[in-house]
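Below you'll find the structure, written out as structure tokens, and then a few comments.
Chain IDs A, B, C and D follow the sequence of writing; residue 1 opens each chain.
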Amino acid sequence: MNKNTFAVTPPMGWNSYDYYDTSVNEEQVKANADYMAKYLKPYGWEYVVVDIEWYSMDAGSQRDRYQYIPFWDVAMDEYSRLQPCEQRFPSAAGGKGFAPLAEYVHNLGLKFGIHIMRGIPRNAAHAHTKILHSTHTANEIAQPNNICDWNPDMYGIDPKAEGAQEYYDSLMELYAQWGVDFVKCDDICRMDMPTAKEEIRMLSEAIQKCGREIVLSLSPGPAKIEEAWYYETHANMWRITDDFWDDWRLLLPMFARCELWQSHVKSGCYPDCDMLPVGKLGKGFADERTTGFTKEEQITMMTLWSIFRSPMMIGADLPQLDDWTKSLLTNEEVLRLLKYSEGARQMMRNDKQVVWCTRDTQDPVDYIAVFNLQDTEETISLPWQQIEQYGVHAGEAKELWTGETTDLKGQDAVNVAAHGAKLYRVTRA
Amino acid sequence: MNKNTFAVTPPMGWNSYDYYDTSVNEEQVKANADYMAKYLKPYGWEYVVVDIEWYSMDAGSQRDRYQYIPFWDVAMDEYSRLQPCEQRFPSAAGGKGFAPLAEYVHNLGLKFGIHIMRGIPRNAAHAHTKILHSTHTANEIAQPNNICDWNPDMYGIDPKAEGAQEYYDSLMELYAQWGVDFVKCDDICRMDMPTAKEEIRMLSEAIQKCGREIVLSLSPGPAKIEEAWYYETHANMWRITDDFWDDWRLLLPMFARCELWQSHVKSGCYPDCDMLPVGKLGKGFADERTTGFTKEEQITMMTLWSIFRSPMMIGADLPQLDDWTKSLLTNEEVLRLLKYSEGARQMMRNDKQVVWCTRDTQDPVDYIAVFNLQDTEETISLPWQQIEQYGVHAGEAKELWTGETTDLKGQDAVNVAAHGAKLYRVTRA
Amino acid sequence: MNKNTFAVTPPMGWNSYDYYDTSVNEEQVKANADYMAKYLKPYGWEYVVVDIEWYSMDAGSQRDRYQYIPFWDVAMDEYSRLQPCEQRFPSAAGGKGFAPLAEYVHNLGLKFGIHIMRGIPRNAAHAHTKILHSTHTANEIAQPNNICDWNPDMYGIDPKAEGAQEYYDSLMELYAQWGVDFVKCDDICRMDMPTAKEEIRMLSEAIQKCGREIVLSLSPGPAKIEEAWYYETHANMWRITDDFWDDWRLLLPMFARCELWQSHVKSGCYPDCDMLPVGKLGKGFADERTTGFTKEEQITMMTLWSIFRSPMMIGADLPQLDDWTKSLLTNEEVLRLLKYSEGARQMMRNDKQVVWCTRDTQDPVDYIAVFNLQDTEETISLPWQQIEQYGVHAGEAKELWTGETTDLKGQDAVNVAAHGAKLYRVTRA
Amino acid sequence: MNKNTFAVTPPMGWNSYDYYDTSVNEEQVKANADYMAKYLKPYGWEYVVVDIEWYSMDAGSQRDRYQYIPFWDVAMDEYSRLQPCEQRFPSAAGGKGFAPLAEYVHNLGLKFGIHIMRGIPRNAAHAHTKILHSTHTANEIAQPNNICDWNPDMYGIDPKAEGAQEYYDSLMELYAQWGVDFVKCDDICRMDMPTAKEEIRMLSEAIQKCGREIVLSLSPGPAKIEEAWYYETHANMWRITDDFWDDWRLLLPMFARCELWQSHVKSGCYPDCDMLPVGKLGKGFADERTTGFTKEEQITMMTLWSIFRSPMMIGADLPQLDDWTKSLLTNEEVLRLLKYSEGARQMMRNDKQVVWCTRDTQDPVDYIAVFNLQDTEETISLPWQQIEQYGVHAGEAKELWTGETTDLKGQDAVNVAAHGAKLYRVTRA
């Protein structure tokens, strides 16, 4: 299998984390999937991803003290593999795992994804439980000092231990049986622990063996630019930032990150700008709210993610989506860039403004994105020398968020709102 | 209680680690104690210290793979406190802990010490066991990402958690009941983990509360010089080096470490140069051997430790002590410096030689130590300007390792063997 | 002017440094140019570059003590601009600078390049000399603590000072008058000093203003990968390594560097692997020798530089070129990759072997390069899964160093000499 | 000569920097000396120190752009030695240097000090000027990349160059001829450049050779604690902080610095807390003002400097001293600690309060200093356990800033003003 064909354009979908934190349940996942199938699927949205700690008993119940309750009970099969907690995922009863939920999602014409943590459960290591297709046990492959700094569930795995690859193989074998299409592995992308690099390889090898085209997504960032080739070889997407939230102070540095990774976007290989924190957020964090981004900031985010071709995972609770946010997420002409553009490059960036260009792969059009980083509406200059050097020329243009048309020829600058963006589709001469 | 009175001069004793690693048993401890009582006690040697993992089942049984078997069974009471493993310490049966062994040692006129790891057993955290005098349980004070990098037994403790101080109090209460005179706490001195500093304070507070004068020794080094005052406030000795072994490449950097810490030696406060790896070593490490140090190197080590006034813990298996090593460890005139000298200072140090001076606190004599760092016998110059500035003057002298007498007046240099030392006791004019 | 059109394929030429160090003179430059015009030009070699300190009096005369004599006299015009030292470049007499030598080179159908150091001469700053087209003087734009760590000639320039841009403009104005085609600026690429980044921009702006298409090359490396976009925007080539010499221990790490920069090679933008230390080297360093590389190592270097599309600058003294080295440098089928290949990517790399692929832009052929990093001849496996994923398929092939043909279909591995390489041109099916 | 006898108690004096910056002149120095002789000398104040750039032409005349004008003219003798600039020090005319001013100061019964920068003048290196008693010239001992980061006057000296020690010897020979009692060498204490350590040794050796007891003071800090022994061996005082000014945010960290260095204060060896920025400050900086410290903060500073036994150099312009500040600087009972106390130790320190103790060496009294770090008046607890452990016991006490007497017996706490201090002299029982 060629892993680059698993996702020939950047994955688009929904992820439970931004709204539900660790507490999402089956009913809520279904409600979001239903909404996506009904309203978003025509625009390319297709992945439904259950994020962290679907296996943890009482997850979220001690939220004032812990995000992740340490030393607690988890659902696990006899082979040290975590299972959906039946408290929250009743269809998992009888050892069926996520198969029923995956089937539900597939029946809607969508794809199903799950989050996992790098390693093997601490509970398995302490209980010396078995590893499928191996004579070795969990304690023999777990490393006691190989841990995640922010989550207490797992021990990292010794890549040299016998049974190590077998354990990752057994995970992907199970996920393939369940019908999983997408695995987001956490505590691995940043390579905080020395074994993480090898564990990425083990995951990728396990996917090749399992026979199912499972997209591999690595978290959290920032990914290491000096390992770009390694990510490209083994994974489909890798986070280029730490957790992203609805705060301009987090959106601003994304321009530097996209500059850094711009040469590394290609089919099957996506530097990942993280979830879209729009709409309703934060309930599981005891901080339920509407996104803290202004509308202009959301347009900036969507424009950057689109022209850069980041994967897009919606953080909002979909059933509560308001009309404006829905329109933001269903602008066909903008989302087209994820599917049919290539070779995007930054034209210029300073403290005040950023300009990017890209080319359409099918239609005779090009794109120019203009960002205003300042706190007031400003006239933003267009760096035509760089733009022409890139191969894009001024001409008839349509601004894709407002629908306004204009002739850019002779235009040295455009007005852009505070923290806002304009995305021009320019007809080739 | 004033902790500085617990050890008014640097502690001297024996420690099980260098010969037995994790595997020492009751019989072996007694044999070493017997030897000490009979042959070494008259020279000031008095502590008998049981080092790491006396609580671990099967300790040392998987030595080809692990020094410390991870995720394994330990002996523990209902209050999350580790107990001597009855496999190796039969007298601990019936919940008596180390009390019988401590009594045995006390009956020989000696003192009894144990090694502990910072934190609370991982097994306790996962089992949610109780804490004495507290309504909280082990999992509530253990921190899942607060671990030792090289030993898998414990989780570090959250200093802000309710029950944290109670747990350390309960340890010292138990050790006082057992009759422990000396606690060497490991994974704490270097402050690798951010809570280690607070855990030092908690240990010191627990000792104050327990009512017994327990000497507190901190490992491993190198201690942080910028925390000198903190160590002095809370502990009696702290390691200024990582584990020290019988290798000249480890002895050489001790001169820089002693230079660094020379102003910090005072009654009850001892920067610690670590154990004396002399005689028979390494059995528990599957590397049984006679010390790799030459005789001259051993003289250098003893001279430096003595003039610097480091605590001295013998690493050899005492019953196998040869005559030469015994004489090395029973040179009264040299060991006198631990008891009756003060204010030692380095006079000079370069790549080739080192000179130190100190003063006797009772007799009208001073001391000059001359070290040759070179690989050949050399004539080592005496920096009289520095020595006189310090307040020591040339005069009649006795070299304390050879017994030879000489008049240093007018002597600009002395011959010293390769890697060797001379220690002069100079009569004040 | 579009700086990317100044060098649409990687520059190829000769540089005086590896053989002559600081001491090269006019006659020697001409002799090398003559050789190039006669024997190498047909293969694409065209730049003749005079490297460091052509302006320094007595350069090389105190080579036992200094590579660069500090606080020494330099040739400089009234506008603080360094001039060729007439001692070594007689044609520069009468203020003609490098114009006569450039003309000589141009008349051979070749291009002329020079090396400069970032900044303004220290001598100018201390003498308060003038800046062309400015009322400010050298001391006003020089920064006293902005220096090069290894060369004493210059002070770095304060980008905010009035007169700063004018000074760089005046340099490029002069070089354009001389007929310079290529400027290699040193002490700038690694951005050791904080102003270096702005000085790159000032250089690029000065080139745009000067009206001549001057290729801008930045040294020394390693360039900062996080500044990739910045180099691409302002320069034509940038060193990805510190000085490269004829030593396998320096060649080996080039594979990691090429992996790192592989996505950043495009027309007008070349990560630079540094000079080719082949043939006769080192005379100016008082270490005259034939390259220390084995033939196989030279083939490895040429193969990597070619498939990666690094600029190529010969370090040898050309008139002394032996036949074998000449054949190495005139293999048309190999050198073709610099001109007519695109999109090279590493297929795999470990401690033992490396494989790269690329595509021809004109002919229906692809290329596979196989490197053996080991110290013995080995059978190197071909990672067909990766290669096919990249889009190259097994078929009829010619090995371009030996001329042997083979059918790679079904071949899982090939023999490669110790430290050697094979470069296959594969016909597309 | 024993350098520790040059200053048997911490030096006390005045320094021109805080008020005059680089611009101080002879008349101003004399005015300050006159004031000191008349009003301060009885309290132990005796050094009059001319700080930075007494040799620089036009010093201070471009203060809006430069603190130190780069590439400028300096007064220098034929042996590369800087001379007082006659513009500002007319008595230096005729090659007399600082001799006349030193004599003036001596005639007042005071001592004379100067500031120097590490190294040899850049102007000397570029002019190849001579070195006294050497055949070598300035350019041969200056290192072109060995510079100060913040001052452009000098190049550092290559300790291995012939002529290097001779140059430092020639400086001290000159200063001894002038009658200098105190040299503050800058750009050396922090060892920013690798040669600084050796240059300290060269300075100390030069002082030994010159035959005059010149106190050696090293700047700027923070000094490296791991080099404590080295400073103690070669210098009399060394700065433990970067430049200290009248800002609570700079005073607060001094408690941590004093904690760090407390074991290193002894006769002839003084960790230095830097000048006292009291009274009128900042004229030369174009920021003339009365100190920004509150009275309580000044009491805190004086109390800490006194009990720690830091050298004390007044930063104020003395002729403008107000009565309150004068009283602050002439409290005999407080200043007594500099002369007659020993062995000061911190008893406790946290974010809110600090307590120190020391002992009088002549009278049967001890001292307790209590500091309130908080922004409001607070009741500060007295840590009697630590204090008694140190050897000081509660008893009749006098607070030395207010003169109030009290019996500390049974007192668990005392009120202290915001950012203020109390200094108790306690009668021994």
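In the analysis below, a residue touches a chain if its C-beta (ideal position, glycine included) is under 8 Å from a C-beta of that chain, and two chains touch if they have at least 3 such contacts.
It should be emphasised that the depicted structure is a prediction, and the values quoted were computed from it without experimental measurement.
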Trace the shortest sequence of touching chains from chain B to chain C and report its length in steps. 2
Among all chains, whose Cα centre is located farthest from the one for chain D? A
Please tell me the distance, in whole Å, between the geometric centres of chain B and chain D computed from their C-alpha atoms. 40
How many angstrom between the C-alpha centroids of chain D and chain A? 58
Averaged-CA centre spacing for the pair chain B and chain A, given as whole angstrom: 52
Touching at least 2 other chains, the residues of chain B are none
Tell me, which pairs of chains are in touch? A-B, A-C, B-D, C-D
So, in the complex, the side of chain A touching chain B is made of residues 70-72, 122-123, 125-126, 128, 139, 142-145, 147-150, 152
So in the complex, the part of chain C that touches chain A is made up of which residues? 2-4, 225-226, 228-229, 233, 259-260, 262-264, 346, 348-349, 385-386, 388-389
